[in-house]
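Chain naming follows the written order as A, B, C, D, E and F, and within any one chain the residues start at number 1.
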Amino acid sequence: MSPSRPFEPDAGVLSGATADVYFDRAQTILQAEQLDPVVTMEVFPRGDGILCGIQEVVAYLRRILGPEHHHDPNPLVEALGEGEAFAAKEIVLRITARYSAFGLYETAILGTLSQCSGWATAARRIVEAAAPIPVIGFGARHVHPKVADQMDYASVVGGCIGASTPAGAGMAGLSPTGTMPHALVLIFGDTVRAAEAFDRHIDPDVPRIVLVDTFKDEAEESLRVAEALGDRLWGVRLDTPSERGRVTPELVKEVRARLDQAGHPKVRIVVSGGMDVERITVFKDAGAPVDSFAVGSAISDAGPIDFTGDLKEIDGHPVAKRGRIPGRTDSPRLRPVDLAG
Amino acid sequence: MSPSRPFEPDAGVLSGATADVYFDRAQTILQAEQLDPVVTMEVFPRGDGILCGIQEVVAYLRRILGPEHHHDPNPLVEALGEGEAFAAKEIVLRITARYSAFGLYETAILGTLSQCSGWATAARRIVEAAAPIPVIGFGARHVHPKVADQMDYASVVGGCIGASTPAGAGMAGLSPTGTMPHALVLIFGDTVRAAEAFDRHIDPDVPRIVLVDTFKDEAEESLRVAEALGDRLWGVRLDTPSERGRVTPELVKEVRARLDQAGHPKVRIVVSGGMDVERITVFKDAGAPVDSFAVGSAISDAGPIDFTGDLKEIDGHPVAKRGRIPGRTDSPRLRPVDLAG
Amino acid sequence: MSPSRPFEPDAGVLSGATADVYFDRAQTILQAEQLDPVVTMEVFPRGDGILCGIQEVVAYLRRILGPEHHHDPNPLVEALGEGEAFAAKEIVLRITARYSAFGLYETAILGTLSQCSGWATAARRIVEAAAPIPVIGFGARHVHPKVADQMDYASVVGGCIGASTPAGAGMAGLSPTGTMPHALVLIFGDTVRAAEAFDRHIDPDVPRIVLVDTFKDEAEESLRVAEALGDRLWGVRLDTPSERGRVTPELVKEVRARLDQAGHPKVRIVVSGGMDVERITVFKDAGAPVDSFAVGSAISDAGPIDFTGDLKEIDGHPVAKRGRIPGRTDSPRLRPVDLAG
Amino acid sequence: MSPSRPFEPDAGVLSGATADVYFDRAQTILQAEQLDPVVTMEVFPRGDGILCGIQEVVAYLRRILGPEHHHDPNPLVEALGEGEAFAAKEIVLRITARYSAFGLYETAILGTLSQCSGWATAARRIVEAAAPIPVIGFGARHVHPKVADQMDYASVVGGCIGASTPAGAGMAGLSPTGTMPHALVLIFGDTVRAAEAFDRHIDPDVPRIVLVDTFKDEAEESLRVAEALGDRLWGVRLDTPSERGRVTPELVKEVRARLDQAGHPKVRIVVSGGMDVERITVFKDAGAPVDSFAVGSAISDAGPIDFTGDLKEIDGHPVAKRGRIPGRTDSPRLRPVDLAG
Amino acid sequence: MSPSRPFEPDAGVLSGATADVYFDRAQTILQAEQLDPVVTMEVFPRGDGILCGIQEVVAYLRRILGPEHHHDPNPLVEALGEGEAFAAKEIVLRITARYSAFGLYETAILGTLSQCSGWATAARRIVEAAAPIPVIGFGARHVHPKVADQMDYASVVGGCIGASTPAGAGMAGLSPTGTMPHALVLIFGDTVRAAEAFDRHIDPDVPRIVLVDTFKDEAEESLRVAEALGDRLWGVRLDTPSERGRVTPELVKEVRARLDQAGHPKVRIVVSGGMDVERITVFKDAGAPVDSFAVGSAISDAGPIDFTGDLKEIDGHPVAKRGRIPGRTDSPRLRPVDLAG
Amino acid sequence: MSPSRPFEPDAGVLSGATADVYFDRAQTILQAEQLDPVVTMEVFPRGDGILCGIQEVVAYLRRILGPEHHHDPNPLVEALGEGEAFAAKEIVLRITARYSAFGLYETAILGTLSQCSGWATAARRIVEAAAPIPVIGFGARHVHPKVADQMDYASVVGGCIGASTPAGAGMAGLSPTGTMPHALVLIFGDTVRAAEAFDRHIDPDVPRIVLVDTFKDEAEESLRVAEALGDRLWGVRLDTPSERGRVTPELVKEVRARLDQAGHPKVRIVVSGGMDVERITVFKDAGAPVDSFAVGSAISDAGPIDFTGDLKEIDGHPVAKRGRIPGRTDSPRLRPVDLAG
């Protein structure tokens, strides 16, 4: 998939300030020694996963290797695509260019792929466990706000149908998805009053999804809200806190049955609260009638998938550090990237 | 500890674009309903750890709640300090202010604390396992470049004595630490030649630490480098790749013995490559004469520690969602924050 | 401890109809062969535990070996006392009498001790885990009604301070303990109305303990009931079903806090629902302010502790089957039983 | 299957003395409030198993709901049959009647089903593990004599071909099964003499099964007994005590071989002593030529399978406590019970 | 398979000095009592495996039971063949002869089969794990030199294609296989110089296999040796010590790639150093291009497979000790042995 | 400890036929190159244990390095003593001599130490578990007869008080220990008759220990034998086969009790049959009155403890292969060996 709008390279990253300092020193030394070979760098992951961040990496490479720079020879970048599955040690990116042109950005390239692919891979596992029930990414509150949009975007790359931040959803070409915060319900002092206010003031295109665990038993509250909003209620979100035993498959079944018995068969049920592959599987196996899962930390807390960059050719000669096979790796899946962007 | 220079609030974060969208909607609704109570929000973690990111959060709070905004009543912010240990469910931050003034930033506050504390806590565990041998943070290549500096800074908050990016080290008031990339050695085609070039061109204040696993056996290469640089060699870095069985305690002992036998007792040995608490413990238990550990993914890949924000008072009345105790939590360790900054 | 009233031997048991049939056949054969030695039978358990049922066994032995039968020689019965701890393989009962006088009752003697000691031992483990919080036995619904009273009595022998059936509590010299069935609340359609009716019609000496999980969230319902009954409310019982995640320590803390904040610090909290040693320990470790635990299946579902009876002397000569030591076992803790009762 | 003779309701049970006391109080309150709705109660188990005790429950229900009481409306009882398999949470019994007519007996109904089904389910597992080798129930010595007959009956419901107590076997329409007690052999002082006396005095219809582990090695004793009784010997029972390493598959093979070599191929081998599913499987896998297994504690020590009773309709309206689905559960396997009995 | 030359019975063994002393005493007693029955002894193992040592046992039996001794009746020996698979408790050897003729040698017979079969069975498991890559036995340094040849021979019986000692390889009809000791390389001070000396002085028929881990990185050294010896180099042996992380599959791949890139595709790679079934499987699963494995302790350290000898007939009558079936075991796989040898 | 008589070097070993063939080739090459440095070889184990075989190794070294050979310079051998405990990687033997004088024997030296120390270490663990109950080694039937004596000797070095082969016991300066084989009892057809024959014909100095599990129950047979032999009976050996459940602690207690009750308190009880550290511990923990344990496979089946020999000095210069520290290891526990013997 492609992001809905181009990634904007970050000035701090371009300055090299977030690169391992030794790359900066390497540039100094090579310049002083007047060494600037054409090198081929191959980038590969340590584990299996879903590639994410490659679009952002390409945006940087276009900025530094693009045709406006009149490189000699012309740089060559080959890569797998955003959202493609990769195997451990498979080459996902290969850059052939003068070392001086891109050596400084190795840290940024690896870091972008590592963390974004970590998130997208976790999301993919969640989505596969939940299928065909859709999943929405809600993890923004667990990551630093500077990368909340990348995390939300990676969730969508991994298969989520929505994400909760305007920036992240927008990066993926979607509108953000959300219900209402517990704080709003607390300030109104009653779920129904909060829901009615939401219904009065928010754009009708936004689905009315009401949080029903703030004050009362979820089943009781679901019925009250359904009575109050009628057909305008898109769904309820069950988010029972761990102090109350979390959402259980039986709760979903009961809320569904009570809504149906009260004449509200169209009201959907969104389940959240510590949902991960294991818990989603429990709900699936129990046949709980969930309409969608909202997943936060199981995506956002996923660790990076480590990527490594290796020089494999220098001025046309195969090389490698000890432990690696010298020369280019046979990688038929790689496709050339248009650096003119 | 305090960062060496003020955190600069990010425009994207201030805009709310990386906030869960429902916070924005809540602001809309409350404004429409002309509801703007004074609320108290308490923030607490789900697990034990080391607090990090609170300085950055305070920087945002100063921007939005500072005296220049003439809030009525005056906001009150209380918090634990950067680098302090916290227990699961302990209150680490309490904000009392009009909801409209800060409600939109809940996502950013929680995300900053979650991810930074996750990194700092992992670093602390590494540092405790390695003590008294010092630890340097090398994790930048595993995280998105927009947060590489925060990650490096958190490593130092957790106890690392250095970090590898200029931005991250600078945030912590340090110079960046590094050796040389494998790429440099590969381009020179020989470790000794690369080391000599480094020695010629890099500021003499920068310690000469040479990577000795690129072409030859580490023990052989260590001796060659020590002969070539003599007293100017600060140390060697052993970073044996997994394909060659990684660094072992016995390798460190042998390199130490061979360096000593050859008259280089002052050359230090830095060990890196997949070092985590378990592996560091193996080195410690084996009595390997390591001078410092360089640690990457064991810090940078640490998951966030989830934080939650709860409204506990509204216009002076104790409240809580189901599952929480209404009213302020007794929190004697909290200290008021000077919002004038 | 002693039961408050004598056990009444059961006619079916006395007839031998519930004995293994081979004991009846043995009596036939020995009579035909005119063999009736004086034998010593020792009874011992296979595991550690708390002795229960010995009072009932003694009631039978008095009936069959009592002085009105003019046995020659006089039978001798020695035993440990009801509620005493025993070790695996320790002799808890020794009978010396003509075999014809009691051989038929071996099945009944062993069965009574096995099942009652199984229950008492389980109760003791629960009581020790809960101490100093008291425990009430609620297991009658899990056992056959013919032994519900023995099970309740064994719970008290094991340390419970109350039990739920009139027969069982009476056997232990107590009044039965109880709250109200969910059925009552369902018929009234509202917990408060059911509680008020209970309060109107039941003897004032019976503590008002109201079940608060039938219709609404437990915290909300606890407050409604406390408002309605005022000082007459002895306590609430939390019995959250597994479909709602069972009672959690945090729920107890919250209900306690909300009752206290609302001015009802004297209302007690009884916790029930799948409580066993492990779960009770979780509540204790979490510091949940429980006033008493009501325990059912963890006591009633306990398996019997197997007991075995061995002939160890025949007409004064030590004997034993293969695998046992011939002759009387040294058993200083045994005390003679007064068969005159 | 059906019991061979009607269950006789017990006076103590009918009095409610073994019911949880709160049911009695509920009756008092409802009467005082003049509330006596027609309710539907559904009874379901917490786990999978074999239904047992339903015939006894029906006997009670006939006594209290039978046509001689002129109930208005006519009560309706639907149930699964004795010995049928049930799944966790499947409805096995549904009663529609005035609450006053049967509410007091909920404890007895649940307790009967719980304990009897626990025994029958354990027996079924044993029987399935042993098939096609038949199993005899020998557990009476592990349960209270008041329920020894119910336990033996449940063993037969679960698939055992015999049981050891006259009352239990009779309840299942069988003659009791047995060999001889160790006590008899000890009193005679020799296995052969005891066997000969048994043979002289016991009805010729009773199979001669001789216990062969009392004094000598089992193989040696088996041959001695076979020589002494000749064709009248039905079989030998191996019951080696744990102190002698219990019966092993190899022992069975050796005894079989030695009996065959000595010309006694028709003498059967019964194996007992701590037999459970695991040990029976070992014997089966080893191809041990066992003719039948005698099983005690693995059946009698089985815990109850908990059953729950829920009101699901009151005066025709669907109801339920929190956590359950209101209204009748679709239960196509239930069949109406003839209350005229 | 058959050994290439007859086993030579050992005088010490023939003297009975290494027999359990009770066999010697038994001979004394039977002679004094003039008892010398014809007995049948059956020998069986406790576990599954590969028979080895039976040729050596037969050599002893020929010496003591051969036709030159004029035994009456003629002894009969039946056995499985060298290298055949056996199952636990299967009869592998049956001897019918006068007890005086062979009773003393039970210890030697059992010991020979136990230890040799233990080695052969371990070798077979290794060989099966490695197939189709061949395995060479290198275990002599782990066993007493008096049995090093038997161990090597057993490795070949188990499927190894070579072994390292002249005596052991010769027993199996092979030339010994070897490379060069680390000591040789150390004395020459350089691997290439040691290889060249080997090449100068050792018979050209002996394959040149050079150890490449003594001084330098294995990949570097492999290339140096290949350059020096050219086509005369048969292969290199990778034996990386545990202190350097042992040989890894990636090292084999890299050495293969570097040799191929340098124009030495015919140089083979032998892998050694702690290879066992588990590690060999790792290499196989990783697709490492190994040409042969050299295995030492995984064969030589294998424990014996215990064998037992039972008398099953005495003077034509079936007998057995307790626990065994009297009489000959049906053993259709046994074949008569020609005692004339 | 010292062996009772000198070890006799084996001609096959001295010929080098059981050495890895590459040592022979190394000698050829060095001779051709006229290289014969003085080297220091250090020998160390891979695990902790008890040293055994060093006396035998020294016997070889005396033969090849003794003063009659006029070596220049004089060889130096330093070692730990027979039966001393060693730690993993501790130097247990250091040889300084011309390489040509001893290089060929590395395989024999390592093999002798490996296997003998393996046995002695296993014996030590058994002996420590059993203490203060003594242990006798009975493992000869599990090892090749050529090393049965070394194995028995190693058992004694490890702490056993006796061993079963004349050669092995003799090597340790003891008389062999034994009872009688099952074959003897089977031939006599009765344990008592076999015992009486033993008593008639065997030297009165040999303790009468009778095997009591061949035909009858062990307790019954023990009493029969005690009655028959009276005070001449030293003890009984319980060796119940696995088919009869092996010896149990309870059997030992019962046999002890029955012997004592019958007036034979001096008859000892020897326990055998699959005894290992775990089972011995069970007997000890149960307080079984065992007088001695006879242990076979738990000693004889122990795997070798691998030993390695490294050249650490050549003509006075420290050397080492990769992975080892060059030069002599500081080894204060080593003591010089008198090569004049």
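Convention: a contact is a pair of C-beta atoms (placed from the backbone, for glycine too) under 8 Å apart; a residue touches a chain by one contact, two chains touch by 3 or more.
Not measured: the values here are computed from a predicted model.
Enquirer: Compared with chain B, which chain's mean CA position is the farthest off?
Expert: Checked the centroid distances; the maximum from chain B is D.
Enquirer: Which chain pair is joined by more contacting C-beta pairs, D-E or A-C?
Expert: Counting C-beta pairs in contact, A-C comes out ahead.
Enquirer: What is the distance in Å between the mean C-alpha positions of chain B and chain E?
Expert: 58
Enquirer: If you average the CA atoms of chain B and of chain F, how far apart do the two points sit, in angstrom?
Expert: The mean C-alpha positions of chain B and chain F differ by 58 Å.
Enquirer: What residues in chain C touch two or more of the other chains?
Expert: Residues 215-217, 240, 242-244, 250-251, 254, 322-324 of chain C touch two or more partner chains.
Enquirer: What are the touching chain pairs in this one?
Expert: Final set of chain pairs in contact is A-B, A-C, A-D, A-E, B-C, B-E, B-F, C-D, C-F, D-E, D-F, E-F.
Enquirer: Where on chain D is chain C touching in the complex?
Expert: 10, 12-13, 16-26, 28-30, 32-33, 35, 37, 39, 41, 53, 99, 103, 106-108, 110-112, 114-116, 118, 138, 140-150, 164-170, 176-188, 194, 197-198, 200-202, 206, 213-216, 240-244, 297, 300-304, 306-307, 310-311, 314, 319-324
Enquirer: Sort out for me which residues of chain C touch chain B in the complex.
Expert: 217, 219, 250-251, 253-254, 257-258, 261
Enquirer: Please give the residue numbers of chain B that touch chain C in the complex, ascending.
Expert: Chain B residues touching chain C: 318, 320, 322-327.
Enquirer: Using the touch rule from the top, collect the residues of chain E that touch chain B in their complex.
Expert: Against chain B, the touching part of chain E is residues 215-217, 220, 240, 242-246, 248, 250-251, 254.
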